[in-house]
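The following pair of complexes shares a single chain, subunit A, combined with subunit B in the former and subunit C in the latter.
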Partner chain A sequence: MNRKPTWVRAVLLNLALVAACLVTLYPVLWVVKMALTPSQAFSLSANPFPETFSLSNFHDLVTATDLAGRWLFGRWLLNSIVIATATTALGVTLATTAAYAFSRFAFPGRQLGMTLFLVTQMFPGVVMAIPLYLLLDTLGLLDSMIGLTLVYATTAVPFCVWMMKGYFDTIPKDLEEAALMDGAGRWTLFTRIVLPLARPALVVTALFSFMTAWNEFILAATFLSDETAFTLPVALQRYVGDYSTEWGRFAAGAILVSTPVMALFFALQRHLVGGLTAGGVKG
Partner chain B sequence: MAGVTLRGIGKVYDGGVRVLSGIDLDVADGEFLVLVGPSGCGKSTLLRMIAGLESITEGTLSIDGRVVNDVPPKDRDLAMVFQSYALYPHMTVRENMGFSLGIRRVAGDVIAAKVDEAARLLELTKLLDRLPKELSGGQRQRVAIGRAIVRRPRVFLFDEPLSNLDANLRGQMRVELKTLHRALGTTMIYVTHDQIEAMTLADRICVLEGGHARQVDTPTGLYGAPDSRFVASFIGSPPMNFLSLQPQGGTLAGDGVSIPMPGAARGATLPATVDVGLRPHELGLLPTEGGSIDAVVDVVETVGWDVHIHARSGDTPILAQVDARQARGLDHGTAVRLWAAMGAAKLFDPATGKALRFEGGA
Partner chain C sequence: MNARACTSPATGRVMRPAAWAVAIAACCLVAPAPAGGDEATRAATEYSRTDPGTRSTADVLAAPATHPAPAPSPAPAAPPAEVRVPDAAAATSDTPTPLRLWHGYRGAEREALERLTADFTRGNPQWPIELLAVPYEAYANKLTSAIPHGNGPDVFIAAHERLGDWAESAMVAPLPDGPEWDAYFPATVEALTWKGRHYGFPLAFKSLALFVRDDLLGGRPVPTDTDALLALCRELKGRGSDTFCVAWEAGSFYHHAPWLFGFGGTIFDPDGTPKLDRPENAASIAFVRDLTRDGYLPEEPSAALVTQLFNEGRAAMVVNGPWFLGEIAQGTAFSVHALPRVSPTGMPATPFLTVEGALVSARAAHPEGAVALARFLASDGARARLQQGRQAVALAAAYDDPTIDIDPVIRRFRDQVTAAIPMPNQPVMRAVWEPASQALRKVLRGAAEPDAALASAQQAVRIATRPQPPAASPVFVLIGLSVALLAGLVYVLRRARREHAWARMRASSHAYAFLGPAAIATGVLVFVPFTVGTAVSLFSHHQGDFTYVGIANYVSILTSADYSITEPLSFWFTLVVTMLWTVANVILHVSFGLGLALLLREPWMRLRGVYRVLLIVPWAVPNYITALIWKGMFHKQFGAINGLLTWMGLEPVSWFSHFWTSFAANVATNTWLGFPFMMVVTLGALQSIPAELEEAAEVDGASRAQRFFGITLPLLKPALLPAVILGSVWTFNMFNIIYLVSGGEPDGATEILITEAYRWAFTRQEQYGYAAAYATLIFLVLLAWSMGVRRLERRPA
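Now for the complex of A and B:
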């Protein structure tokens, strides 16, 4: 093998990584530039760095009101937070308990159940839009946070069940039997032994559920028609109009929407570690 | 502290596979009972049935006189040490050992005191704040034992606890377990495939084969009076030699083999051929009254103060364990005459594998 000197390899590797970073960051920088540039002053140059610095787009977005003078941004943010949090809570609770049963208990329909969960993931969400609309309409849950939360949970649960089951399968059964012998009931061993060991998988499923709900646009746009019931992605879309597009406010909104998710990632990433079960069993 | 009674215990899995049948066993209060047998004999399943981790499909299991067939593990008040140690990886040694007491809502200071006491007994005091992954195999095994003794259960169950340790450590832990048993005086049921562990630890041994209990006796009882060829070959290391011989008048004869008939067997009706068992240490190179076997040496293994002579009598392999000084000059191909110790031969029926016993002793 032709081995290049270490420093050449290091330089090449770093150049490649820098290039990859630039490709990734360029559009993001553009969004930042758009957000910081007042609409009238915006020009289409290749320079991704802001030439002016103005928070007017953010200001306009955050202080927007409807015709009746109600503060809209706060409503949208609250809607998004409530729906995403509720989806996460519902999805993770149902998924962990279901996944544990799928992983540990033998019952009729176990294999079929897992397969059905997988099948639901094969259809794009839009396909379900009309049937779901009719369902929500019948239940009187259009324009409601409960309705949207339920819809999102149905998407999140199957994925989370597969994730969690896969992880539970890797936790040695001996640990649970040891806990049984130590006098633990099913619930104690689930909460004190299994869940702490499944922390990385819990974090991933929680993040996934949260992001599914937080970023989703099409279904939300279909089921929500009252301006005050909008989630942030639906609200943002309103700045992309038929006659004019307020790119500046759109970009400012995009940044505001992605900030909480980034913050969540930073807060949770230290839990995304492997090797939690190391040292438990041998052989 | 409690005795354990098994009556007609059997296990058939859902698919119809039978792994245990008709096990009758009485484990006395405070006894150290070892379940031993080759892999697949059902010994671990039997232990797990006592523990409550496997359902009992036939028979009754009583602890302290109370039938516990359908009692869940947490209410049987037993502790178990697993082959894999099964320590809770996210808890420190102290938390691992205190876990069972915590579940029972024992006060924190009482738990701390009991954990400290157990840690002292097992020399774990310095390791109490470590996580399992920071411990060596031997230390983990000690923690697993510590976790079991903290609670002072009625019965301890051990599932091949030493098989993941290296030979030196295993010997050391054997002694410690024996000491521990003496100190605690609690009933212990111990599963192993290693007959040396069984012999050294047990008050009594139950030998299992193919899901049946073949013989239950003290180590010396099993060694001295095996009921069957299987038990004779399984207990004792190196294993017993077997020769297929014909009773002819006062001797048991074969090609180049002549062993005097044991006194009690004279005049008794015997099958046309019998399996004759001789332990390796019962064979020597110095002439005796116990009969002789002509053989050809295959390999001579020097073990230390003694030598293992692997030889062949016809097609039958023979192992003799002799004093190293007697074995000088022996090598591959050397013809030797091995002498059996007087009255050492044990007779088995080749058809049933049962020991042939005669009126007035074996």
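Now for the complex of A and C:
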């Protein structure tokens, strides 16, 4: 695999990727254009490049304060970071342990359990918003970050369980069996051997959990009733009105919302690819 | 792109996407019997209904709004006890509990409101105010969930069109009669009246008017009737093929309404039944169709296009509302005028009037303060809202204030109050928007004659407003459920005994320990709400009341009772479309995701880190905006895709006029949005394949294709399959893309099951039970499908 390709092939591959990136980025250029244009109209012109350069939309969003003069953008960002991070931590923890059980143990109810986790994805999610509201209200978790985190984490868990289970299945059991012989406990085995080997899948599930919490606004807007507790997407969605939408500010916000995700992915991607050599796991 | 149609299905600012089904369960399971809340609801409602004379709302109303009685005045006649509690608490406690005010205002309107609330608290120190700006999309849902639970606001600001629902389900408190209502424009008071009672103080109103770019008219007079309009259009036509005489969102019934009324048409029969197929209504549609055919009005005119044409000087006139003021490019010279008279009838084009009111929650914690605040905002606050908030306020006297310098544009919109008619506030109106708009678009794209289109719209309205199924006894279903449960239990127990499950379960305690936390969390937060949500499918909903109807909803859906199975309204038709949609998307997602992941795996690729990050951009950017950009790219006259086709010498395509092209537009958008996820999953999964295997195969002389299909793909399968299964489940329920891109065009044919469920719940007479049955059927279809796939999965192993 480490052979140098012919340069013709290299050029062709790069061209293919550049083309893919262009198609991918073309629609996004309009988002950038709208964000940099002071007008709040939706841009339809054929030219996706900004004709003006103004940061006023970003400025409006970032400097928003409430009546008491509290700096809202900072709070929103912080809330979003806290909730998304907590969701990721909780979701991935719950999912990896469950996936490990499904992958490594034969126990009564295993098939049923797997099916039930899959089934949760089939409920048209939004059918459950009001019952969830009831439930959180009963538990006293309405209007709290904990409640929202729990909801997001359980939304993300089924996918993560399936994803992790699929990946665990591809990891040969030899290493664990050897360690078991050496007297290692199940938990040690799980944390010391299996998890490090499953790093790429952990990155995928972590990214997924993070995104689940990061972009959601309907539930957050329904459950939270304090402006300082809002997350960034809720604040962003306020630019969408019933008669018209402030597209300039919305686009600026969309860019602010997506930048951390891309930064996170950039930071994580080296674990996603090339982190593992086959030598450690002789199949 | 139809920005406005996204925020509002047909036109009516009905609540939107995702949380549609929120209300489904809400009313049924919550409103009739909120835990211990019933008493309070009634008490709060009755409080406001107390006769004038007793201390109550009437007293509060009688007191000058700026300085109502400080704290609770001694009560001459005691109102219901429940109501006095919060009052007493407010009086005795040192830190007053704030009044909660919810709104959806932005910009100048919001600033004016914030200033007014501060003013109010200055005059009434016992009532500090807690403001909350709720995103429009979540607003209606939030009210429906919060108010019955006592978590809602004391006062909320909303448009009047949902008033009927709110009043019927006792969410808003009625306000007493009195002379003060005469201070507001009668039409605005009428809009906020339901069954003879006042339900809100009118704040401001909005309606359509004619915006004119004076520079483009070249000194010609602004047309005052449609004959003059047509003459002007003929003259302006010479300016070029890419310019238009006039533009408005012709495919939206809200924007069409002025012409409908101007041609003498109407929506309702005298008895209140919607009736769309009238010759006058058809004439109004033919008028707009001819304008489009002659090139005076652009094709597929969305809100964004209308704005753009006006700003670029390519439309001399547009019909739009006051919100348009914020979208006009700086430095554009324009003026605002009344809509022209319709020459054939001599009647004025009459737009809808939308009134924003300050409504008092029936569950307000501080009813007295709430009424005082709502009243203050409407009356004393009118001048500030007019001047600072630039609202067309409902208080007539505000315009006579010599100290206020009123913008002539606002004054023009004020004059509309007598020229417009209040948008109907009865729930049945929501069954009209969708079919009426569909009929319009059908005629505009040349697919039907006006009378035929209206006849089928009438048919759709009839279906949406059909009588409720009869109430049934729950006994049979309960017995059936119990038998099924019992049978299931017996089966499981017998099987457990046969397989010595108890012993194996005891031996597997460590497995359950690993599984426990996730199982408990999902069980509580997913299965409990689901059970509750599903139960609604056995009910029928009418104006806040739920009736148990047994399996009638399912029978009606599955037998396609009111329409043939080849019509888009049929469950079976939509099911086939949904399956096509799912299969097409999953194949494309996996192909692109897998292909790119394989390219990006090559270790010698220098820039792969950069490529990888750029390629996940579609996943990272909120799809609300990117989906609309894609819709814009598919615009017939101005979209980038048709631009490309023309450049290549091909004919431009009218994407949303035909099923397959419209379907393709949806799929293209969703492929763009969905491939990054599949790519990331594949990148991760590729890591589980030892490189030696492929190298060994290469040494053995296997071709590239052989290596891929013989080694890579089979080894990827365990890690990729979950993503494919789950991806197909998500695609099956991908609401946003269908809703935002094709919106079901043409004629609802590209709807998928989840968007149909939404339509049943919100644009067809709030058939919540019916929609919940749809949701349950979606679940069952997916369950069957996944069981099939998993059987396939196990077979080769």
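Rule of thumb we're sticking to: the second predicted complex is superposed on the first by the 243 of 283 C-alpha atoms of A that agree within 3 Å, B and C clash if a C-alpha of one lies under 4 Å from a C-alpha of the other, contacts with A are read in each partner's own complex, and residues count from 1 in each chain.
In this section, a contact is a pair of C-beta atoms (placed from the backbone, for glycine too) under 8 Å apart; a residue touches a chain by one contact, two chains touch by 3 or more.
Small disclaimer: the values here were computed from a predicted structure and weren't measured.
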In the superposed arrangement, does subunit B or subunit C reach more residues of subunit A? C
When the two structures are overlaid on chain A, which partner does A:181 contact: first (subunit B), second (subunit C), both, or neither? first
Examine A:193 and indicate which partner it touches, taking first as subunit B and second as subunit C; both and neither are also allowed. first
I'd like to know which partner A:15 touches here: subunit B for first, subunit C for second, both or neither. neither
Determine, under the contact definition given at the top, whether A:246 touches first (subunit B), second (subunit C), both, or neither. second
So which bits of subunit A does subunit B touch that subunit C touches too? 275-278, 281, 283
Per the touch rule, the subunit A residues reaching subunit B in their complex are 172, 174-175, 177-185, 188, 192-193, 196-197, 275-283
Touching residues (chain side subunit B, partner subunit A) in the complex: 51-53, 72-74, 78-80, 82-90, 99-100, 103-104, 131-135, 137, 140, 147, 151, 157, 163-164
